[in-house]
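We call the chains A, B, C and D, going by the order they appear; numbering starts again at 1 in every chain.
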Amino acid sequence: MFMKRASIRLSPALVPGVLAASMLATVSALPAQTSIAAEGEIYHPMLVTRTGPFASAASGVSSGQQDYFALVNANGGIDGVKIKWEECEFGYKTPRALECYERFRGKWKIVYPNSTPVIFALSKRLTEDKVLGINLAGGRSESTDGKTFPYLSPVILNFWSQAASTIRYIAQQEGGEAKLKGKKIAFVHLDNSYGRQPFPIFDARAKKYGFEWKSWPLAWPALEQSAAWVDIARRFRADWAIQWNYGQSCNVPMTEMKKVGFPIEKFVGTLWCGSEEDVTPAGDLAKGYISANYHGVGLDFPVIQEIIEKVHDKGKGNIERNRVGTVAYNRGVLTGIIIVEAFRNAIKNAGMPLDGKKVRDGFRMIKLDGKRLKELGAEGLLPELVFSATYHGGIEPQLFQRWDGKKWTTISDWVPPYEDVVRAEIKRAAAEYKKQTKQ
Amino acid sequence: MALSDARTPSPHGLERDMRYLPRSADRLALFLLVVLFLFVPPFLGDYWLKGILVPMLILSISALGLNVLTGYAGLISLGQAAFMAVGAFAGVIAYGRYGIPIPLTLLIAGLTAAIVGAVVGTPSLRIKGLYLLVATLAAQFIIVWTIQRVPWIGAGSMVTIDTPPVFIGTWEIDTALEQYYFALAVAALLTIFAWNLTRSRIGRAWMAIRDHDVAAKVMGISMLRYKLLAFMVSAFYGGIAGALVVFAWVGAANVQEYELELSIQILGMTIIGGLGSILGSYLGAAFIALLPIAISIGMHNLYGIVGGEIVSAAVLANAEHVVFGVLIVLFLIFEPLGLAHIWRRFSARFEIWLGPAVRT
Amino acid sequence: MNREADSDADRRFDSAHAEDVVADEVRDTNPVCYRSEAPILRTECISLSFGGVRALIDVGFDVLTGEILSIIGPNGAGKTSMANVISGLYRPTSGRIFFKGQDRTASSPQAVAALGIARTFQNLALFRGLTVIENILVGRHLHMRTGLFAGGIHWGPARREELENRRRVEEIVEFLNLTEYRTRAADTLPYGLQKRVELGRSLAAEPAMLILDEPMAGMNRQEKEDMVRVVVDANVDLKTTIILIEHDMSVVMDISDRVVVLDHGEKIAEGDAETVRQDEAVIRAYLGQDA
Amino acid sequence: MNDLIYGIELTITGLLIGSMYSMVALGFVLIFKASSVFNFAQGAMTLFAALTLVGLIPLAGFWVALLLTVAVMCGVAVFAERAIFRPLVGAEPLVIFVATLGLAFILEGSAQISWGTQPHGLKLGLPVEPLMIGGVFVSMPDFISALAAAFFVVLLVLFFHKTRIGLGLRAIADDHVAAQSMGIQLRKVWTIVWVLAGIVALAAGMLWGARIGVHFAMSLIALKALPVLIIGGIESIPGAIVAGLIVGVAEALGEGFIGPLVGGGVQDIMAYLVALLFLMFRPYGLFGEEMIERV
């Protein structure tokens, strides 16, 4: 009798139990995944995007970092301390990133989602937990102000600097700012927070230099832009066009421009439309396309040669060999360099084991001047970066590069942004943030 | 038994009919759930609270709202995420800009969404099924577009508004546990409200419309009133869920989190969970929101056990999608009526098995 | 398709007996004191067409308070169209409808229901997902006031109202002998019972006038007898004016006070059962159909 | 340039784009017509087909790759019909809708597992220089794409009206029960419809791939088809074609003339606004049939 009861009680319980089981799987899985690093190791969880629409470039960035970490480890670690990284896939989906964040909470040393929406969603949490969230050339533009945003940083070139530097580049091509007067600049951008950030910069510079600019917002995924380009080329008759697309909408203008007869040499892309993945779908039509970038391209950097030699040739690469040296990959490597520098400073400053605050403090001590970059074998790969407690990076120069159908070639020197407008915008936005959050 | 009969004057057991949970298995399960949800979380880490439970509660509220519309009134909507966005922004503006107390703010968020919902629901008077689906889809796009464009909303070029610290009276909701209980309290209230409502005259009117709208009409049920009411209630729930995203989870209203994909997910939750079932809204939210996480962790572990070099991380991550897709399809084939129906079958069987014991 | 054909045959066979057995005994106890010559419903020159098809052509008749009026006619005669016009589902192309002396030609079905006209449907129109009790409770819709907020709180007046109306529903359930099926889902019941639930639902509305659209279609003899009894009881005990739509004239002849005969959308006869039974046009219409 | 010429240019641009929308919408219409399933996975099928094609081209050359892709799409179609939709026959349409969501996950995941996450170009060798006809600019590749889309549509129409299977399909769309009693096997026909939808997905994938490259976001193109379906009616092939053109023109003109008034970015909203207008005045689309309910 007892036996029977017990069996009946159990067997139907299995029916709705799939969910319960999956929950249990989650519980039991947790300790396994967040395996504790050995003594004297830095355990470094990473948010990665290897699925979905943004995986193409984002995967290169993640793998580039990992290759650099592998190189550091192969060279004996940071003064003997090795890095043990662990991925959490979020597929560029904000809720999944939040879950990942919580899953590894307390173990984060520095968070780099490579997604601006995620930085926004995490910013409160990061501040509470005292973990630095970085998003190179993205994230929260005003977090250049390290005083208002102690645990956020754009690291390099916030969105406003990108826009300002791009205008300066166009001015240089025209032969100076004075020549901008009366010129028409078309701004093609995604109709979201990312795409609209340059507005104040354009407004300010248009007023000062007397050029005319007009916005063509495109709703995500912006795979169809023909009406905008007919308008730009046939009615507005722009002298220059700037694109602020993202991911797979980057290559669409190249086909459209050709169709409406807009010259590609008068077209400049944001640095987020400056990787191989952004141009290859357009094939030959992308030849001659110019985009901004915040780092050097190609394999000609000692650090990358060293990675090939010590990581890939040993069969320990974290990415297909043919993607080494791509824009996304180099971004990963230089991000790795910055993170490792922060780790190194933190260890030197506060000792092991590391936590979020120590790494943030280490980040603020980063001084990647010419000498240091040379030591790291990264001269020309990234601009000089010097951070402080009040300056979290973001006002740096851009490089400009041209696609020749096969590879990118850098065609300019470092082009600095107009610092005054950028700083004014940071000040305004930081004040607005303080007002909203009643600080 | 004897006592309860004495208190019930009616020979028909009217009170009996109106009991919330006629089955003992249901009562037992509810009791366990209440204990679980009330007393266990303090012992769980922040991961469970912030990573799993709070988002799940919020999504469940939203799914519950959609279930009122789709499961009870038989109307489809792909605009639930947009209602959440309306609630999120209405909430953050009411609380952040005007300093309205949080309980009132939640109400305002819900009501604003409800008004928008009434407008979005008007096509339902003429069309249904797939046509209605696309009409609400239009609303999804138009609402999100409008939030970005109306200067008064003040979403700015970032289309994000941060919230100040969240206070109810003098109680600051800042730890994960507090946020969890806050969300739980709202979810519990809304669940009881929906539970009552769907069993009331209004709920019956909705189900009448769903099952046979012509017959409902000649019983005197106004299509205009009840269809719009269903849209409003559904949007109200969505709006409150959106506000909770701001106040109990993320801390900011960001329009990019309320895109079509979320609407589709919420519709999936109500269907996989079970149309016309309150429990189903919760189960569905758990399925759609948590299963991918469980799969991800599970496969990661498997990968860890099997060992590194066999498959790349990218293959693994994509395989999660495939597994998730397969599970959706399998569940639907196995139980097209939804997860809640599995439970209902179990609890019925349990009741039969328990039968004699209860009667003695 | 098949069931339809079978039941048609059944109906003709059974009805001959049904009329003898049932009608006689209930007629005796039928008081006529509340009947009046004043029409509760007047239809004037109703025409209805869909595209080019004319479903009703200048049909008009009065329904007197308290009577049982049958509308009969062969298939496609326009009976259901007439019911739909009266209950507001179709707007007549021309003509007017007065209920209790007021013109309500253009009223919506809800408004018609609120005036006190209830109906059943020829094809089953139950709320499939609801139980028997809940189906009948929907019939109480217009007698209840509980709004959104009270419904969600379910306390105090809302709860009392719910209990009160459930009590009324139980009376109907008992009246219709549905007690043992109370909590069954409507769509799991056999056909005859479903028809009965539908009748219960319309009775729950306590209508002044009830339109029954072929309530006995597809029923066996026992079920028909039960149904006839219920219809007469509703008329007598609940003082409900009834319009009974029936395809087969013999079923209803003995319980009807008056009969209206439609054919091809036109009224071909009106009067008491005997007059109609002997009317040349009626015989022709029915003969024509049978032949 | 005066507004008239500009308007004409936008209209032409819109018409050419619209033909591509029609292409995508057709896939939905085919499946809905035959089985009342709203196949959300149509976009994923487009992605899957295009990725398979560009993945195979370097291995097998264009024509062989094309044939192989057709074969693969047939396999996908048969799999979807057998493994997912046959067991769900008779389920609520919404349930089947969610099942197609599941199918979309499966297809997107397996496409990226098989062919990686990197984007690809798909060059069909179309001329790209713009064409000027009497001072009015016409995009050459769009023109050719539109011709190809038109050609494909004609093929489909011929198939439906001239072949036995096609006639069977139409019979089923009109009345499942009657068609069955006439000896048409529903299941066989459903399989064929899924195969057709797969081939339409491949065609759409090629045309769009030539335009925007082949990458994951391609599955989002399907969203463009939804307003088209409303305007044209979900069950109507001519509806999908005409409505595609209407949406294309409305988007182009809306962006060109209404956009400047509200700060631009109205292109996608326009499609839905036009769809809403249609819902108000012709709820079941241009060619859709109103569901008349009998009491």
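In this section, a contact is a pair of C-beta atoms (placed from the backbone, for glycine too) under 8 Å apart; a residue touches a chain by one contact, two chains touch by 3 or more.
This one's a predicted model, so the numbers in the text were calculated from it and none came from an experiment.
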item: Intersection of contact partners for subunit C and subunit D; value: B
item: Chain occupying the most central position, where position means C-alpha average; value: B
item: Most distant chain from subunit C by Cα centroid; value: A
item: Approximate Å spacing (C-alpha centroids) for the pair subunit B, subunit C; value: 41
item: Chain centre separation (subunit A, subunit B; CA means) in Å; value: 34
item: For subunit A paired with subunit D, centre-to-centre distance based on mean C-alpha positions, whole Å; value: 34
item: In subunit D, residues with contacts to at least two other chains; value: 109, 112, 117, 263, 265, 268-269, 295
item: Multi-partner residues of subunit B (each touching 2 or more other chains); value: 141, 145, 214, 314, 318, 320-321
item: For subunit A, residues contacting two or more additional chains; value: 50-51, 55, 59, 191, 219
item: For the subunit A and subunit B complex, residues of the former touching the latter; value: 8, 12-13, 15-16, 18-19, 22-23, 25-26, 29-30, 32-33, 35, 48, 50-51, 55, 59, 87, 89, 91, 93-96, 98-99, 101-103, 105, 117, 120-121, 123-125, 128, 191-193, 196-197, 199-200, 219-220, 432-433, 436-438
item: Of subunit D, residues touching subunit A in the complex; value: 1, 6, 9-10, 13-14, 16-17, 109, 112, 117-123, 128-130, 137, 139-142, 208, 211-218, 220-221, 224, 251-252, 255-256, 259, 263-265, 267-269
item: Residue numbers on subunit A that touch subunit D, as the complex places them; value: 50-53, 55-56, 59, 191, 215-219, 221, 223-224, 226-228, 230-231, 234-235, 247-249, 251-252, 255, 258-261, 277, 280-285
item: Residues on subunit B engaged by subunit D in the complex (per definition of touch); value: 70, 76, 123, 126-127, 129-131, 133-135, 137-138, 141-142, 145, 149, 214, 260, 264, 267-268, 271-272, 275, 314-315, 318-322, 324-329, 332-333, 336
item: Subunit B residues touching subunit A - in the complex, by the definition given at the top; value: 45-47, 49-52, 55, 96, 141, 145, 148, 156-165, 174, 249-252, 254-257, 259, 261, 283, 286-287, 289-298, 300-301, 304, 313-314, 316-318, 320-321, 331, 339, 342-343, 345-346, 349-350, 353
